[in-house]
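Report on the following structure.
When the chains are written out, they are named A, B and C in that same order, and each has its own residue count from 1.
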Amino acid sequence: MIQKSPESPAYDEHIGVPLVLDHVSVSFSTPSGPARAVNDVSLTLNQGEILGLVGESGSGKSTLAFTIMGLLPDGAQFDSGSVRVLGSDLYGMNPETLRTFRWKRIAMVFQSAMNALNPVMTVEAHIMDTLQSHNPGIRPEDARRRMNEILDLVKIDPRRARSFPHELSGGMKQRIVLAIAMIFNPPVLLMDEPTTALDVVVQRSILDQVREIQAERQMAILFISHDFSLVRSLAHRVAIMYAGRIVEITGSLERSGPHHPYTEGLMRAIPELGEDDVKIVGIPGNPPDLLHLPEGCPFHPRCPVAFNRCKVEAPPMVQVNDALIACHQYTEPGKEGLA
Amino acid sequence: MRFFLNRIGFLLLSVWAAITVNFLIPRMMPGSPVDAILAHFQSEGAPLGPNALHALEQQFGLSHAPLWTQYFGYVNNLFHGQLGTSITYYPLTVTEVIGRSLPWTLGLAGTATIISVLLGTFLGIYAAWHRGTRIDATLTTVTMFTSAIPYFWIALILVYLFGFELNWFPQLHAFTTLSNGVPWWRFSADVLYHAVLPGATIVISAIGGWLVGMRNNMVQTLGEDYVTFARARGVRDRRLMVFYAARNAILPNLTGFAMAIGFVVGGALLTEVVFSYPGIGMQLLTAVENEDYPLMQGIFLIIALAVLLANFLVELIYGLLDPRVRQGE
Amino acid sequence: MSISTTAQNPNTVTSGRTRKAGMARMLWSNPRARVGIIILVGMILVAVFAPVLAPYNPSANSFLPSQPPSWTHLLGTTLQGQDILSQLIWGSRNSLGVGFAVGIIATALSLLFGVLPSLGGKLLNTSFSTFTNVVLILPGLPLLIVLSAYLHSSGAVTIAAVIGFTGWAWGSRTLRSQVMTLRQRDFVIAARLAGSSQIRLLTREILPNMLSLVVANFMFSILFGILSEAGLQFLGLGNVNAVSWGSIIYWAENGSALLLHMWWWFIPPGAAIALVGIALALVNSGIDQISNPRLRSTARKGGRNQ
């Protein structure tokens, strides 16, 4: 039932909303049983918004990105829920419809631009391939014009189109992957750790470009990263993922103000500018094993404020000020949460 | 360019190694081949002339000249195309005997190898694309079995079944004797007919390696990010399979192919023996049985050179297919 | 600023001992490998207990010749009136013996040429690798044939040595590239920075992690040895009077077994060779599946989304 989801608007039609996830669960079959990598995730990405998605390695954020693209990796299974892009249910489409829908409506910048390009094909061949896959009859001169436009957009010299991937620097490859993602002006863009492999200067210039393009075209971007401070500087809202669940979605990115204990831990791990006596405190304990998730709230073994209820009952999402938080601190005993 | 020079260098080095091995074997091994040869001609009642004797001595190091002088003379002879005189087919020279049998081997083993590479690669791509299905399991299991079976035994079973029991195909030889005066197309059909069983032997034995190799490489490349990225971009399945996955998977398989040409030749050689096919392998065995050392050495050298050349060509193709290698990374 | 609290390395490499025990257990738990191991052990037992198991003397030619399989001669008799089952059982000693000897010689040589040069400098390393590549592409079987022609019907030991010395290059090449890969891995670099000597690095850090490759290489060398020995014997270039699977086929072909429709003469020895080959291939594919999990694919069609 869509209405029950706290994140979804009150109406059934999501035509205008770029991306709506409704109770999405995905699991991997492993020799030791199923591992739920994405667990009952609901969220909405609005027009013109950059939503940050933050989590540790293994928290399920990359799996979530591929799930949204309809590209489940080997061994993964879509258990339940729905993914709606501009109102269309991605998992209700036949493969051919999905093939043509994807990239025109929703595109993705991959984590590893180093490996995202086919080593035996030139940049030009990649771009032509993409254009022709969606528009078989495209005139060569039109295709070339479009190629030059998008290379221009990411500030790559069009003469570079003849290069093979191994002749390009990491930053250039990342720009080209970004250009290919922008080729059809998709209203929704996923970016999965787009700058992780790059040095800080290149990272900065690419992010500036992303900000610029986004502001100009009012795209909706889901920006995935493990780097909390990076996301905080870029996103309008941030969703925090832990053990396959969203534990908090907040627009308030200040330390003060109610947060999930895990979010507080993440924030404490970042030195604040202007603070003299910088004290970085990590989160004790290890990320959970998806095969052996603890009962109740999955964060309770590492949580400094956990109490008895946390060990037996998974907390629902509740509205706290302008944030949604899944933590028993904020649920009143005896009263059901919003979800 | 650097890649090309590199490959030429390796070709020259390996050719030199093959020539040197060929030079050293008769000098390092126990017993004197020349004695055996002389005894052979003595018993035939046709003693060798002084020229032929001198050539033999030079070839097998009977002369007591220093090793490097012998070596120089030997290499010099090679460059003039002189491999000595065959004993079995006296007075034919070794070059002439090889010239007669080499086309048969190239035709049979060459064609059969190309068929098995193409078929194995194609089936490997197919199995990888349908990985985890019953077709995949069947193909990989069956070929795992066929590639563990010796060539000559497969040959024997094929001859027994289709030659002797069912009489569908000729049992031996490359063509029907007494085929003088038949039109060329009937002769060609006859040759093809005779080539079916030996050809099938080579294909059955060799296909498994290509299939499994291609499948495994392909499964690897299907998991690469550039394949997922291409799928995300809407690239159609067929194009994805051929230009993204297979195109990259074929590269390591090609190196394997270059390295395995020697094995293919060995297998083809045994197959020829079973079918009494008049190729170079059968000739090698005849030479060994008749203690025809000049012919034996000549054939070994030719086989080695052919393998080295084939290896070189495959490496060049690799260079054409992989821009990273071509540009000398 | 990264919030990763622990290092994430899915291919975490464990210490040598636990890895060895773990591999043996994983091999046994892999159904393919288990079948292969059972067949191999069975055949080795047959070879060891040949005098007990063989019903007759393999060279006694005192039986009715050319008999098809019957209760007295389970696999029939040869043209010379020998019992084929007894020949097969005794022949396993020669064939498996040569195979294992070749396996040991070739594996030792490929370790020597593939792994040891990595201790030395760049020049030593590249020259050994070039040498290996040259040996690798020289055609093996023709070389073997020429060598055996000079050696004149040699015994099993010579044959094994010659095959071993012509068949190490492939293994050496694969081992070498594995060493090169491992040397770049974090845990080896860490050990080197911590001051481990080259030899210690090799024996403690690199070799234990190459175990599965060395085992696979050993298996391949055994198969190579058995197939080559059979090939040589079949051509009549070994000692044709020694009973081995290859020489049985040699005598069958020379005795016109095909023409006389005596399938029981040449099929069993070939099947025995094939069985060893299949067993080794099964163990190998088990090792493959363990060391390369991606090949252990779950059912999924390549192109589709789900």
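Going forward, a contact is a pair of C-beta atoms (placed from the backbone, for glycine too) under 8 Å apart; a residue touches a chain by one contact, two chains touch by 3 or more.
Nothing here was measured: the structure is a model prediction, and the numbers come from that model.
J.: Going by C-alpha centres, which chain is most central here?
T.: That would be chain C.
J.: Report the chain whose mean Cα position is at the greatest distance from that of chain A.
T.: Centroid comparison gives B as the farthest chain from chain A.
J.: Report the inter-centroid distance (CA atoms only) between chain A and chain B in whole Å.
T.: Each chain reduced to its C-alpha mean, chain A and chain B end up 55 Å apart.
J.: How many angstrom lie between the centres of chain B and chain C, each centre taken as the mean Cα position?
T.: The separation of the two C-alpha centroids amounts to 22 Å.
J.: Find the geometric centre of each of chain A and chain C from their Cα atoms only, then give the gap between the two centres in Å, rounded to an integer.
T.: About 50 Å, centre to centre.
J.: Taking each residue of chain C in turn, which ones touch at least two of the other chains?
T.: 297-298, 300
J.: Pull out every residue in chain A that's touching 2 or more other chains.
T.: 71, 74, in rising order.
J.: Can you tell me which residues of chain B touch two or more of the remaining chains?
T.: As it turns out, chain B has residues touching two or more other chains at 223, 231.
J.: Name, in rising order, each residue of chain B that touches chain C in their complex.
T.: 10, 13-14, 17-18, 21, 25-26, 29-31, 33, 128-133, 144-145, 147-153, 156-157, 159-160, 163-165, 171, 216, 219-220, 222-223, 231, 237, 240-241, 245, 258-259, 261-263, 265-267, 269-270, 273-274, 284-285, 288-289, 291, 293, 296-297, 299-300, 303-304, 307-308, 311
J.: Which residues of chain B touch chain A once you look at their complex with the stated criterion?
T.: 223-226, 228-236, 239, 243-244, 247-248, 321-324, 327, 329
J.: Would you mind writing out the residues of chain C in touch with chain B in their complex?
T.: Those residues of chain C that touch chain B are 130, 133-134, 136-143, 145-152, 170, 173, 223, 227, 230-231, 234-237, 249, 253, 258-259, 261, 263, 266-267, 270, 273-274, 277-278, 280-282, 285, 288, 292, 294-295, 297-303.
J.: So in the complex, the part of chain A that touches chain B is made up of which residues?
T.: Against chain B, chain A makes touches at 66, 69, 71, 73-74, 99-100, 102-104, 107-108, 110-112, 115-121, 129-130, 133-134, 164, 166-167, 177, 180.
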